[in-house]
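Next come two complexes, and both contain chain A; in the first it sits with chain B, in the second with chain C.
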Partner chain A sequence: MRRFLERHWYAYAMVLPVVVVIAVLVLYPLAQGVFFTFTNINEGNIANPVLDRAATFVGVGLRNYLNVLSGDPSFGSFWSTLVRTLVWTFSCVFFHYTIGLGLALLLNREVKGRAVYRVLLILPWAVPAFISAFTWKYMFNAQYGIINQALRAIGVDNPPVWLGQNDWALVAVVIVNVWLGVPFMMVALLGGLQAIPGDLYEAAEVDGATPWQRFRHITLPGLRSVSSTVVLLGIIWTFNMFAIIYLITGPNPNTRILVTYAFERFFSGASRDYAIASTYGVLILSVLLVFAAVYRRALRKQGEVW
Partner chain B sequence: MAEVAYVKASRIFSGNPPVRAVDELSLDVADGEFLVLVGPSGSGKSTALRMLAGLEDIDEGAIEIGGKDVTNVPPKGRDIAMVFQSYALYPHMTVAENMGFALKLRGVNKAEIKEKVGEAAKLLDLTKYLDRKPKALSGGQRQRVAMGRAIVREPAVFLMDEPLSNLDAKLRVETRANIAALQQRLGTTTIYVTHDQVEAMTMGHRVAVLKDGLLQQCDTPRALYDKPANAFVAGFIGSPAMNLKTVPLTAEGAKLDGIVVPLPRTALDVASGANLSEVTFGIRPEALGIIPSSSTEDGLAMTVELVEELGADALVHGAVRIGDSSERFVVRVDGRTPPTLGQEVKVAVRDASEIHLFHPESGDRLTD
Partner chain C sequence: MTLDAGSLQVVRPDRVAPKRKARSKGASAALHATLAVASLIAVFPVFWVLVTSFKPDARAVETTPKLVNESSLDNYTRILSGDKGSFLTWFANSVTIALMTTVVAVFLSATTGYAASRFRFPGKRSLMMSFLVVQMFPFAVLIVPLYNILLTLGLQGQQFGLVLVYCTTAVPFCTYMLKGYFDTVPADIDEAGRVDGLSPFGVFWRLILPLAKPGLAVTAFYAFITAWGEVAFASAFLSAADESKTLAVGLQVFVQQNRTEWGHLAAASILVAIPAVAVFYLVQKFLVAGVASGAVKG
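Up next is the complex of A and B:
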């Protein structure tokens, strides 16, 4: 042991600061969050140094989990919120991927002004998210928004109230998030496309493949490793995409996903219920962990080393 | 099986000025023939092959396969198979899937694909590797898979674009022989591109030499070697290269370092007919020899600068003074008694009939 320390103290001394930072910023809050899920902590019983009040919350065992998982509306209707989260996530990622791939394919050809198109298409990425969120919010305004004006102009008499308490609100946030997420997919897939050797296409052409067959047998398999990575990232990001939904619709039950509900529970309401919010946090983490594990196994079965 | 014809086919790349990568190439390849396109890089040999494959436009002229004009036919309709320099194997498919891909696209049923792939694999000694991905194969095995992919299709014409350039030297020699034997056996018309003149000479029934997009000569390896049509072909074919020097002409022959090498009467007549005072004189290293300094025979005084010992024989590089300049010559001598570095040796032409004469400006051959 002593010899070990003597030999390697320098290496350990070098990694120590990072270990400390990660422990303080990641591990401690995570452990504390997990701990809260087994208590009834809220604004009323947390230690408050200003009021000189000691903590009075108590352990409640698994009651928070039972309450949340029962699907009770007073605890956020966990199951229907989960379903909405999945609908939101998969519709966003589906459109991100398909539109991103389409644009990447167009940009991968020899077109005049390719550099200009590339910059224009990356623009949504460069604009701060809250600015685009507010811009879209005005565009979706039921009475004065440009979208409904356009719809009326082409003869839709009763355009939807986009951001009201109905499912159009979910459609609206999906549209905004797709618009925001496409550039990333496009750039990543364009990189993937450019890594496919051109002579594979020529070989396929000589082998008699039609353009569609070349896409199916050369392009898609060639993009597989890039796709699997960006789709996984896209799913994780979208699953936890709080900012867009909250900035555009606020606490609207029709656009409520798991993270926005955790936020509502934590910061608003009569008693800020930290225990339930933490329970949601732990459940979100578990869902994503399970998903990532399944996804990884599926990829490995396809022979992808990842 | 089919014959192939290039009819004044050109490929012009846009630019300023436009580049004629292949310039009015006319070439007839007989059914079952193995034709090699050879030339230095940038000579247009690969472009010519890709024009035949349909991967490159034909801007002027035409190309015919099996008597049919295919100038505007896409690759799919040309009944050709191509082996690429990089092999271009589909990385996500197994060896069997790679080889059967073209048949699968054509809608051939699975049992038949399996049978044909099996046959080709047996021919190429790939049966053990049918379930592997290209990543898990060695360079030589990948090369064979690329060949197999072409064979399985049973095309009218094989096109090969430097298929051996990614192999090591030993394997290259071995594979060279295998490809030639395979082509003999299948009897399929084959167009083969290479920059390596040894490959060209050993494999081709006929060899077409290209330079700057222009066909220089197309003939059997023997004829290319014995009667190069111009100075470029003379210098390109043969290893080491022919000694080519432009020297003054006298009434009896070519003047080299004080001695006059007698030339055949016909050559002198042609030269004087063209009013030439100089001539490009070519002689292969094996047509030169070192003679004892005591010999009374006329010879060139050469200072030995480098001796390359190849075992059976040795290549002696040295400098000979011609007029005011020092010219380099290569002489092939017996491997057992090579001269030493720095030695002064006397070099003589062994056989005057081995001398090639070319026009000093156009480079065209002067004698038959």
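Up next is the complex of A and C:
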């Protein structure tokens, strides 16, 4: 034991602060949150030190899960919300990745003014998300928004009411989130592209490989490990992306995803329903954990190390 | 499990792709056209807010948008003079919280990232794995318990409480980035330092950190942006008093139930975006300087 500590104490000393912070502010709350899902806790019965009131919530077993998983509309129509969340997540990440990769490939070439293009293209990342949300909400306005003005100008007589109670609202928030997320993918993939040794391309060219073959057999495999990381992160982040939807469309049921609904239950309504909000949280976490496990397995099958 | 996050931050802008055959005129035009259109899409919303920020509220919602329409600096003067809520106080709060988050997050993730990069110790795999899992935690499940804990620790309503909460978001990702960066710094440097009699901490502090400046800069940028733009926790954990709000919370005064003061909101947005963009361009510089340290790559 002593030798063990002697060998590793500095590693542990360096890791310790993070472990403490994460344990206190993530793991412990998580455990408590899971506990809440088996109770009927809400604003009215939680312990309130300000009012000097003790907690009076009681256990309800699995009732929250049964209510939510029944898909009952008064508990947020779980299944259709889940489908919408998946549509939202995969369309966002698909466009993030393809557009990001396309731009990274272009920026990786010798092109005049490359530094300027790069700076301009990364701008959406630098602007705080809530500002972008307000901005796009303004631009998407059906009457005076610049987007519909432009559509009318090019001859679209009845441009969509973007942020109304229909599926255009979902299209609109996807557009905003794609705009917001492409720079991250682009920068990450650009880093990956620059790590691919140039001689590979030269050798391929000597062997007469077409540009497509070079892309298919050098670029894509070279980007495998970066791609698998950023796609996984992208999916997790988008799945839990709350600010954009909440600030642009508010509680619109056509853009409701699991996280925004949990937040609705948490924040709005006469009695804040912490139990249902936590139940949603636990279900979100479970979906993501299952997904990450499957994803990892699929990668491992293809011979990826992590 | 080793995520290759090294490539997430190492952008070496000046390293040029392998030289190809000279491009035809047409291909070159197409390349520039694509990049120009993409840049336009990236920049236009910001440009449009800038244009709107000079217009009076009533002119911002006209059905035929113009670039200039009774434009003036009135929105800015009114916001900065405090007519529209204590903007400067919110601003100061946001700056304090974001800077504290940056310092704490960079420090924590640098030590952890270094340990994960250099030392093999039992529990390392599960530590890195748990960082990935932490990213998955929806705040919906954490927000009530966190509220309780901050209350118990006496940090509820305190800026430092919010800083710690932001660190739980920023640190895991920053650690991955920095671990990737430290991996590119050859271990020979550490050994040389140890031979010269430095402790492991001395090596980290005096040799590795200075070499990792570009990586640290990007990490700092990420932490700053995370804290600067966060809405949900800030609305839940800071007291409702006007003087404790951050910008993200305070700016919602311009979005009232049935009417939005778009001109003022746009002006305030520009004022909020400036520091973020400024920090961002500082990092840009660092990234270019980071090319030199790419030479150390073993």
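The definition used in the following text is that the second predicted complex is superposed on the first by the 281 of 306 C-alpha atoms of A that agree within 3 Å, B and C clash if a C-alpha of one lies under 4 Å from a C-alpha of the other, contacts with A are read in each partner's own complex, and residues count from 1 in each chain.
What we mean here is this: a contact is a pair of C-beta atoms (placed from the backbone, for glycine too) under 8 Å apart; a residue touches a chain by one contact, two chains touch by 3 or more.
Computed from a predicted structure; not experimentally measured.
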Putting chain B and chain C on the same copy of chain A, do they fit or clash? fit
Can you report the vertex angle at chain A, computed from the C-alpha centres of the three chains with chain B and chain C as the arms, to the nearest 10 degrees? 70
Which partner chains sit in contact with A:V15 here, chain B, chain C, both or neither? Use first/second/both/neither. second
Have a look at where A:F263 lands relative to chain B and chain C in the superposition and call it first, second, both or neither. second
For the overlaid complexes, name the partner, chain B or chain C, with more touching residues on chain A. C
After superposition on the shared chain, which partner residues are touched by A:E202: those of chain B (first), chain C (second), both, or neither? both
Could you look at A:Y138 and tell me whether it touches chain B, chain C, both or neither (first, second, both, neither)? second
Is A:Q213 contacted by the first partner chain B, the second partner chain C, both or neither? first
Looking at chain B versus chain C in the superposed three-chain picture, what is their shortest Cα distance in Å? 7
Share the list of chain A residues that count as touching for chain B in one structure and for chain C in the other. 199, 202, 205
Touching chain C in the complex: which residues of chain A? 8, 10-12, 14-15, 17-19, 21-22, 24-26, 28-34, 36, 41, 46-47, 49, 99, 103, 106-112, 114-115, 117-132, 134-136, 138-139, 141, 143-144, 146, 149, 179, 182-183, 187-188, 190-195, 198-199, 201-202, 205, 225-226, 229-230, 232-233, 236-237, 240, 242-243, 246-247, 258-259, 262-263, 266-267, 274, 277-278, 280-282, 284-285, 288-289, 292, 305-306
Over in the complex, which chain C residues touch chain A? Could you list them? 1-5, 7-13, 15-20, 28, 31-32, 34-36, 38-39, 41-43, 45-46, 48-49, 52, 60-65, 108-109, 111-112, 114-116, 119, 121-122, 124, 127, 130, 132-146, 148-149, 151, 164-165, 167-168, 171-173, 175, 199-201, 204, 225, 228-232, 236, 248, 251, 255, 260, 262, 265-266, 269, 272-273, 276-277, 279-281, 284
Taking the touch rule as given, give the residues of chain B at its contact with chain A in the complex, in rising order. 53-55, 74-76, 80-82, 84, 86, 88-92, 101-102, 105-106, 149, 153
How about chain A: which of its residues touch chain B in the complex? 197, 199-200, 202-210, 213, 217-218, 221-222, 224
